[in-house]
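First the structure, then my questions, so here it is.
Order of writing sets the chain letters: A, B and C. Residues in each chain are counted from 1.
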Amino acid sequence: MTALTGTWRLASASTRQLLRSSEVWATMIAFPAALLAILWLFSRLRFEFGQQAVPLIDFWVTGLGLLGVALGNTHAFLATISTWKAGGVLKRISVTPIGPGQLIVGEVIPRAILGMVTLVAFLLAGNALGADIRMGAELVQALPVMVMITFTGLSVAFIIAGATKTPQNANALDTAVAWPLYLVTGAMFPLAAFPAWLQESAQFIPYTGLIATVRGLLLDGRPLTDYGSELAIGAIWIAILLLGATRAYRLVK
Amino acid sequence: MTTAALPLFRASFKMMLRSRGVIFAIVTASLYIAFFGLIEDLDFGIGAETIRFFDFVLPGFAVFLMVYQIQDITVAVAASFKARGILKRLATTPLSPARFIGVQALTYVGLGVAASALVLTIGKLVGGNLAITANLLWLIPLVAVIAITSIAMGYAIAGLTPNPQTATNVGGTVSFLMFGFSGVMFPTEALPSVLPEIVPYAVPHASLIEAIRGIALSGDSITGYGEQVLVGLGWLVAAFALAALAYRFTDE
Amino acid sequence: MTEHGQPAVEVRDLVKVYPRPGGGSLRALDGITFQVHAGEFFGFLGPNGAGKTTALEIIEGIRKPTSGEVRVLGIDPRRDLDRVKRMIGVQLQAASYFSLLSIEEILELFGSFYPKRRSPADLLETVGLIDKRKAYVRQLSGGQQRRFSVAAALVNDPEVVFLDEPTTGLDPQMRHSVWELLRRLNRNEGKTIVMTTHYMEEAELLADRVAIIDRGRISAIDAPRDLIAELDGMGHIEFATSRPLDTSQLAGLTGVTAAIAKADGGPPGALAPAIYELAVTEPRTAVTALLNWSQAGGVELRGLEVVPGTLEDVFLHLTGRELRE
């Protein structure tokens, strides 16, 4: 069996498991659906800050919804890999012809695809329910940014799994780290409504720039090239987190 | 009888304060409000009307983020007690399960009231427009009613679900929906057609949150909110009845 | 306080019927009758599903019987459950305790439920856990957790202690430490103990009298050695063969009352042997019959062993079924 076939088999196995997991259904289907229902019913509500006014549904679909799906994906992924670590699965795999690296890639690929599909579906559903989101060319440009959001989340999962001993502790750490992100990344509330020092510092937090980029593309129709620094910071974060991930999540001791 | 209750109260307090969920809830609620205090200019707009975001959100959010956490915590605790046979073990002792749950519930109500007071204080300190009048004391019984209702709903959910994992998922979904529709975060006037009139009755806590907002922001007296209080008490009784029916201590 | 001669526990014609989900009913207890004397160590021996836990929970008052009489220290749990609860100690099969209280705090809390209580320190000393007083239950080993649950059953210094499978799932060393503790409670402190188990050696070692229970019925109640003596020289023969045998033929041999296959050998020539156990009334006659039969049939016997009577044999003889699955 070539390395590619082995990885492909692992990927299909993990896809099957994902589709059967109630945890995944809750975070990828139930939460987004509940959020969309709430936003649809509150379509008349706007955020007004400075000179700007943005409908709540537009703002949250492109911010809170995207971040929520991405972090939900992280959370579910973390549950799996921390259980692997605690249950000695990696150690067990290391004595088979399958490399632990293949196992992980086989797990990451379906999750990344699932994450992307859910993100796009969420945007489409939001658009259908009244959010003024540009589909078409702008959405295509937003796709690589959404890939970056997804991979940021998955890398963080590795670091948390590496830093904790039990799945319960991993869960607790993830929750503790995730909830402030909704606030400080501008996902829930417009950063423009906050003091300048907060707006500037927030740029250096993962996700902030990426969310601003998606909003700029889909709500304002601005080109991707306008967001060079945001994308650069996003890419640097992914590099740092992936490096941290390979250090933290030891495959074999 | 009261001397017998003291050790139970002591034990309940210890368990509550050692619980990760409780510490997390108090810390996050406080930090949320402190964060909102940094806002320089944010309003809700509905049609031609604008509402200052922080003012609207402070009374509801500050008070009930804690209380919604109580529901989640109760669901987790109640479901795990049921699953782990603790209640069955208690049933072999002279302690009545009703007394046990009652004392636990009271401890959490105390926590809810204390934490809400803390978060409101923080809100006032970071610039919230709270009307500091004697009427503010009415918040104590109102918060207590909401807390008891949340606890009862937590037990109802724990009783109706087969295991702690499902209980937590269902409980989380219910909390999330209540958060959206009870007027904590969003003005219910923004809802379409007749919904703004239905919501205060149809969503638990919504009517009491209306009353709390009025008292906290405008210094109103509670006498203007008689109907809201009645609806809130109605939900308390309904949740209590559902919990009593759904949550079993032993299998006969 | 028990009057002189009054039994600690009295059960008469106890029946518990459950409706079956598909229709019909399940008789978990089919009219059991027994008495436990004050200061006795009484054992219920039977496999899973025999009705041991059901019986115990009815006596403890946390389950309602369909019909029958129960008295604990002369009191009917259905009339005065509170009084009964104050006088008994209970260790349930798989209960757990509060995860956020130390074991000392849990004992203090449980003690507060009763008018009469022992100090947590005293209880922890008795079960040998005083060094772990500040620990949480999850920080204890399996054996320590069991000893703790015995301590919890003693908070009110009860006269009668009910234990449901106290050593199931423990390794041999842990089981011995629990046995040690239970013996001390019964012999040194004079507590009446009612214990259920599916371990033969546990019943033989600890119990003054044992009730053999299977499918909701008690087949015999007596001291372990008397139950074995009634086997009248019975025991069992164990042997292995290279190929599977017909157990009904084995059961038909002279002196054999029952035959069980313990491991299936699979197809002829397989590496794993087939192992058989024969319950026998007269070991010598049975061995001769077996040897003759095997020679005539060309069956090779290996590792033939004659084992004197145990409670497992008693169980097999009385119920025709194995004690352990």
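One rule holds in what follows: a contact is a pair of C-beta atoms (placed from the backbone, for glycine too) under 8 Å apart; a residue touches a chain by one contact, two chains touch by 3 or more.
It should be emphasised that the depicted structure is a prediction, and the values quoted were computed from it without experimental measurement.
A.B. asks: Measuring between Cα centroids, which chain is at the maximum distance from subunit B?
C.D. replies: Looking at centroid distances, C is the chain farthest away.
A.B. asks: Taking all protein C-alpha atoms shown, work out their mean, then name the chain whose own C-alpha mean is nearest to it.
C.D. replies: When every chain is reduced to its C-alpha mean, the one closest to the whole-protein mean is B.
A.B. asks: How many angstrom lie between the CA centroids of subunit B and subunit C, rounded to a whole number?
C.D. replies: 48
A.B. asks: I'd like the Å distance between the centres of subunit A and subunit B, where a centre is the mean of that chain's Cα atoms.
C.D. replies: 30
A.B. asks: Quick one: subunit A and subunit C, Cα centre-to-centre, how many Å?
C.D. replies: That gives a centre separation of 54 Å.
A.B. asks: Got the subunit C residues that touch at least 2 other chains?
C.D. replies: none
A.B. asks: If you look only at subunit C, which of its residues touch subunit B in the complex?
C.D. replies: Answer in residue numbers: 60-64, 82, 85-86, 88, 90, 92, 94-98, 100-101, 105, 108-110, 112-114, 152.
A.B. asks: Spell out the residues on subunit A that touch subunit B in their complex, using ranges where they run on.
C.D. replies: Contact set of subunit A toward subunit B: 22, 26, 30-31, 34-35, 38, 41-50, 53, 56, 172, 175-176, 179-180, 183-184, 189-190, 193-195, 198.
A.B. asks: In their shared complex, at which residues does subunit B touch subunit C?
C.D. replies: 4, 6-8, 11, 14-15, 18-19, 84-86, 88-89, 91-95, 250-252
A.B. asks: In their complex, what parts of subunit B are in touch with subunit A?
C.D. replies: These residues of subunit B touch subunit A: 20, 24, 28, 31-32, 35, 38-47, 50, 53, 165-166, 169, 172-173, 176-177, 180-181, 186-187, 190-192, 195.
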